[in-house]
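Shared between the two complexes below is chain A, which pairs with chain B and chain C, respectively.
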Partner chain A sequence: MLGKKGVYLLIILISSIILASCVGYIEISQLAIVTVTGIDLVGEKVLLTNEVIVPTDASGQKNDKGSSALYTQHEGDTIFEAIRNATLTFDRKLLYSHNEIIIFGEELAKRGIGQYINFFLYDNEPRESTFMLVAKDAKAYEVMGINEGLSSTFGMYLEQLIRNHKYTSKTRSLNISEYIKYFYQRKTPVLGVVQVKEKRIINPEDTLKGLNHRDVLDVEGGAVFYKDSLIGYYSGEEMIGFNFLVDEIKNSIIEFEVPDQLVDNDNKYAATKGKYTVLEIKDSKTKNTLEIKDGKPNLIIDVKLRGVIGEDSKGLDLRYLNVLKATEEACSNRIKDIIRKTMDKAQKDLKVDTFGIDTLFHSKYPKEWKEISNDWESIFTEISYDINVETYIVRTGLLDMPTNVEKGENNAK
Partner chain B sequence: MQNEKIPTRQLFGLLIVARLSFSISSILALHVPPHNQDQWVMVIVACLYIAISSMPILFLANRINKDTVKGFVTSIYGRPLSRLMGVLYLIYFIILTIDAIILQTELVTTSILPESSNYLITTLMLMVCIYMTSRGVIVILRSVDLLIPVIYSILFVLIVLGINNVDFSLFLPILSDSTINDINKGALILSTLYNDIIIIAMLVPELKNKNISTRVFFGSLITNMIILNIVIIITQGALGIEYARHSLFPFLIYVRLINLARIVERIAAVFVVMWLLTITFRINILLYLATKILRDIFNKGEDDKLCLFIVSTIVWIVSIGITVMRPVVGTRNDLNNYLAIIFVIYIIIIPLITCMIFLFRRKSISGAKNQK
Partner chain C sequence: MISKNIMENKAIIKEKFNNSDDLILYQFDTLGDTEVLLVYINALIDKKALNEFVIKPMKNNLVSAYDIESSIYVSEIQEIFSINESIKEIVDGSVVVYIDGIDTAYAMNMCRYDKRSVAESTVEQVIRGPKESFVEDIYVNKSLIRRKIRNHNLIFEQFTLGEMTNTQVCIVYIKGIVNKEILEELKARLSKIKTDAVLDTSYIEEYIDDSPSSLVRTVYHTEKPDVLAGKILEGRIGIICDGSPSVATVPKIFIEDLMDPEDYYSKPKYSSFLRVIRYLSFFISILLVGSYIAIANFHHEMVPTQLLITLAGQREDVPFPSLLEALIMILFYEIIKEAGLRMPKNVGQTVTLIGGLVIGQAAVEAGLVSAVMVIIVSAAGIAEFVIPHFREIIVIYRILFIILGGLFGLFGIFAGFAISAFHLLSIKSFGVPYLFPIAPYDKEAMQDFLRRETIKKMNHRPKYISEPNSRKRN
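On to the complex of A and B.
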């Protein structure tokens, strides 16, 4: 009755309705977009804290509550139950496809996070690229809600802090997918941390309100896991060493002291003499090699980096190659110290190999690895190591001497 | 169009596109021994087993070339037994079609349309495939010819965009954690899932150059295995050996991890569309071959639409019945055992028996043909 053309027309009409998402649509204002999830334990129950973006209307105005985000808390035996329980007290279904960060409370992290990340991998909504952090000395919800940046929400503020890791290397960013990869490869993943610190009052309005301080977030340091349980922390400086060892140094800086004899005694200081020189790293490459020496594994850490002098106030005259080379050596020695401190922390304090040296051993000595793999952590604590650092200063910035020194005729030694 | 013949290039294209649908979805090669960084070695070894297991059909395909498949089988088995053979292979192709449709439905519902009904997805996809199949094999192959550059360009771009997530150090040490037994076991299992030779054999009479089936088979086998190995290496390198094994659709996760300067991200839909093209071609050709066998059984011509309707209805009902009841990709271990048994029967045993009969009765068969 319809004819061939009629049938085709009908199919096109039905398809245009079904495939254009005109059925089962959800308006953005109907969604509760989660940007950060905090996970804690309350007894044996999971306590889930979510930052939810408050939808704005067409004119960009915020809702009655006046804030860009609000926080919801829900409990359950599992993550999924806690999320679904949210619909009992919160008027929207939580949407996790824009969740950028998962924060684990310290107590939960110490008990093991393995069972709590499965939801984020089973479900297709959360992304595998979601960052993971540990709330140092705190519950996850205690660090949430603080925003002392330019970002409009806590989530965006924290995400930006994580992405800033390349400027200092005093922390690291690790997402769920990388966590799983390193968990199976090394059993000792290192996650980023977040903690609350106090900031001095600057704004006069705060003083008028009677505030003594404001809270600010700090992501310095790293949380060390053995299997899936938190066993300790690396400090910010130790994280620089860690990042050198795992070859994840990006655009960070190294602050070091050059020997006093490198500075010309005849230097006329027009202003106060400083202590440090700073190198901004442009690129860095670490190559770790393992060899068995006298029946014991010996690690050779070769670091090569190129950088630019970013600051000096001690009075170095970098017009002379011998000064430049001596400065490079001083920088190399500083990096050696940092790496040594990190190795000491891992070997003597944490007693776990967080650098993937086991993978090196496995690759180079596969037969021997089968015999010692179960005993690796105790072998790791006894490993000897040699550190070789080659620093190349490729630029000296816009100055060849600091301005607190008056330039004489013969400044360099 | 019915008298048109297939250029070799198009058949080759069809074989590598149809196989790609498996290589970038569930990646079965990751779920067989040795279960470590040596999977790529196992894939290379599997080529040898695939070549050996395909020999009987390849031999027959080279003999069919002057005849039709129906005429060839009838000359060997006689009319009644050839019909039984037809029914057996009809069932085989229907099973393969259902397997492909289930995979299609599961990937789409898991990745981009989780809330959509399985009925709707299966029905719409099958409608597209039925339409293309109804236009005949020439149209299917021309579409392949047209879309191959698009499919492989997307695949190449996706691989390149995610390459910064790949950690190649995961692939060391090579061949130290696997035994020869493990690699051989994995290669054997993998070879039982590679049944493309049957597509070549069925399409040989339609080829322009009928003497080229051996080259097409080995050419497509090597190309497919190279692509499979690239996919295995990048997914294992990006996800890690264990996570790649845990994941049902590892390449989908690889694509989901792409994030270039926060500009190129969340492009999983691009992958799914590309993948849909590949699986659609696989379903098309399987559906076409099943229909062709049914037409041969009932002596119907290429224009007959009833056979296509019957085959499609069976495929539709069974596929929906399975997809609404239980997951298939997730429980693939058991399913692969059944598919391996089916493979041994259809790709090795029956063709081997046919080869033996052909060799014993060679003179009488050629005598009967000469009399005709």
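On to the complex of A and C.
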């Protein structure tokens, strides 16, 4: 049965529940459940915008307003004061235990977010798993309230967008505890971003209303911080490179171009039509190693990934080994390209090390690190690197002979 | 002492029975001019047999007073030397024969009265396995046990308890398996009972219970002969009480209430699954309502966001605090349950109808209770019926945990849980720790705990309960 270890484990589990805080009896019906918090600056004061869930009534129908959330705004010198000031204008006590997302306005992010996340770590209610986002080119409250998804509130809609990051790797999810970890290790956290984009009108009713577009949220890209201030953004593609460098690629896809003029065994052209081939990554592993060569640090980036061909517009007949090898190589080159672009951006434009290479340096050359640690950012901009990518195509989807091998005369080369 | 003169005896007996109308004193002369007096209670005797096998041969054949045993056709005959003893035999349903000229009387057991026939148990039901159950009559019950265990080591020991009722009580055990210390202890406790009435086994249970003030019973009871046979084959001792269809067994440990005879009639893996269901039901029925209130009022962060929103929506219009809401629901649940049990069967449907409609539907629609609370309370209620033996504990403890959870949150729940666990740990039943085999841990007995091993592999008798060092033969 359980055994001694199991019993001890059980005791620890039980006592952890006992030791959880127990003071404070509040009926659910006296609480306002906050799901998103937006933080902005108005002059020198903090402007807090909260999304509060409107509890549906007992039979599960929505209330008359038609929306299941409302937004409250409060000012204060500090976050805590703003929250307490909320009780002056809002009837219920705000419950932050279920706050999933904190959005920082761009202006505030540029001035530094350090003192504003402080509250979320001191207080017992907020969770450390709260996602952090930067509202790109906007105030935090400007992106709030937009819901173009199936979820019932803006907060749930945005949360799902963040959780979808693994499908594209063009953004990232970062919560408070991860931020703190990165912050203390590297001083250069990269947060997710959110911005408002326009969506074409599809519903005729909207046209009748005179709308010419609807707003939709977009979380593509990443916000780069140095210490606690926003210094720039990564684009979607640069985020793929970033995710490769910090080894956070999961199920995303890579688009690449296979060179023309490939021939199969019968000397027929194997790849002639179309442009892109798409690889769906099944798993990927990045290993960064640093070594000092001739007194200069050199970074070696080894990426190994396995994937499945998901789409192909060139008509590649992957049953031929040379075609397969060429495709793999094309994919590897494309990834090298992406990583190089991200490195360029970090070294030349942003001039900060967002990939944790300093940690590598520190652990491998502790003595040298002491001498250069104050100077690391300038050393990083000069660092040289080699990228090795190994791509393995494990399957070609469900087809082994693509539908577009046979081409019309006009397209054949 | 019995007088040689039957007229004297007759007068004494008449006086002792206060001239009760159902006492028959029949005096006649036999063939050899011997005067004979038959005394019996009218309603208890098989009169046909009395006429045929006692009176007829006596009148025709009896010559001398000393020939009595050879002249009548009764197997259960017993010599009696005192008036008090003969009175006891008469109330037990014997015919007592006094013969003029000798100071000995003879008691013949010719008891016959109406009794319920052996039928299927209505309380402990099984899909597969023996279905017969004990009846009120002790002789029938004994025969049911004898038919299960055909062994000369099966021993019945008779006691008479109750100063007024003179109830026959019988302990049954198997020599060689029973733990002698427990047997001695039980006999000592039974002999200490001084009471007027024993109307059911539960009267005896209260006298021999190790912890009469606790909610927990340390005596098991069953209505099924196969269950009793299983228990005494493990070394337990059965206590049969005349007039009661439930037979008690000692010693009893906690897990017995979570077992079911059908566990041994089904495939082991399936039985083990059912055991898990029963253990879960035990905790659900006691802790679910209390934990819900604790979490909903103290630990909002523990609830998944979506669920919290749903709960908040449902509680929005409820006027009472959730602790009060739960107590009201539990109160009405207990009332409906009790009504359903006590109502005559033909009006029972009304109770279900009103209970279901009023409590379930109308209360939610009127916004007096939240739908979640109805679900939680009924889930706890249903779980209770999975383990009927624990009913007494569950009902009280559930209310305690609701109050603890409502006042102190999960801290209260776990503190209450710890205290109840300590209480259970402190109890013993006839020297056997109540929480055996968890505490003290016993590897062999664990084979029949959460998981039931195949019968072939369970070749140990439970420690403490049965005779030390005895092994099952498998």
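Note that the second predicted complex is superposed on the first by the 366 of 413 C-alpha atoms of A that agree within 3 Å, B and C clash if a C-alpha of one lies under 4 Å from a C-alpha of the other, contacts with A are read in each partner's own complex, and residues count from 1 in each chain.
One rule holds for everything that comes next: a contact is a pair of C-beta atoms (placed from the backbone, for glycine too) under 8 Å apart; a residue touches a chain by one contact, two chains touch by 3 or more.
Owing to the predicted nature of the structure, the values given are computational and were not obtained by experimental measurement.
Peer 1: For A:L31, is the partner it touches chain B (first), chain C (second), both, or none of the two (neither)?
Peer 2: A:L31: touches chain C, not chain B.
Peer 1: Would you check which partner chain A:P366 touches, where first means chain B only, second means chain C only, and both and neither mean what they say?
Peer 2: In the superposition, A:P366 contacts chain B only.
Peer 1: Going by the contact rule set out at the top, does A:L208 touch chain B (first), chain C (second), both, or neither?
Peer 2: neither
Peer 1: One more residue to check, A:L321. First (chain B), second (chain C), both or neither?
Peer 2: Neither chain B nor chain C is touched by A:L321.
Peer 1: Contacts for A:L150 in the overlay, against chain B (first) and chain C (second): which applies, first, second, both or neither?
Peer 2: The answer is neither, since A:L150 touches no partner chain.
Peer 1: Quick check on the superposed pair: does A:I53 touch chain B, chain C, both, or neither? Answer first, second, both or neither.
Peer 2: In the superposed model, A:I53 contacts chain C only, not chain B.
Peer 1: Considering only touches as defined above, state whether A:L88 meets chain B (first), chain C (second), both or neither.
Peer 2: Neither partner.
Peer 1: Where does A:L398 make contact in the superposed view: on chain B (first), on chain C (second), on both, or on neither?
Peer 2: Neither chain B nor chain C is touched by A:L398.
Peer 1: Under the contact definition given at the top, report the residues of chain A touching chain B in one complex and chain C in the other.
Peer 2: Correct list for chain A: 18, 24, 125, 127.
Peer 1: Which stretch or stretches of chain C touch chain A in the complex?
Peer 2: Interface residues on chain C, with respect to chain A: 296-301, 305, 308-318, 321-322, 364, 367, 370-371, 407-412, 414-415, 446, 449-450.
Peer 1: Which residues of chain B touch chain A in their complex?
Peer 2: Against chain A, chain B makes touches at 110-111, 114-116, 120, 124, 127, 165, 167, 169-170, 172-173, 176-177, 238-243, 246, 253, 256-257, 259, 265.
Peer 1: Which bits of chain A are touching chain B when the two form their complex?
Peer 2: On the chain A side, the touching residues are 11, 15, 18, 24, 121, 124-125, 127-129, 177, 180-182, 184-185, 359, 362-364, 366-367.
Peer 1: Using the touch definition from the top, list the residues of chain A that touch chain C in their complex.
Peer 2: That would be residues 1, 14, 17-18, 20, 22, 24-29, 31, 33, 35, 53, 55-58, 60, 95, 97-98, 100, 125, 127 of chain A.
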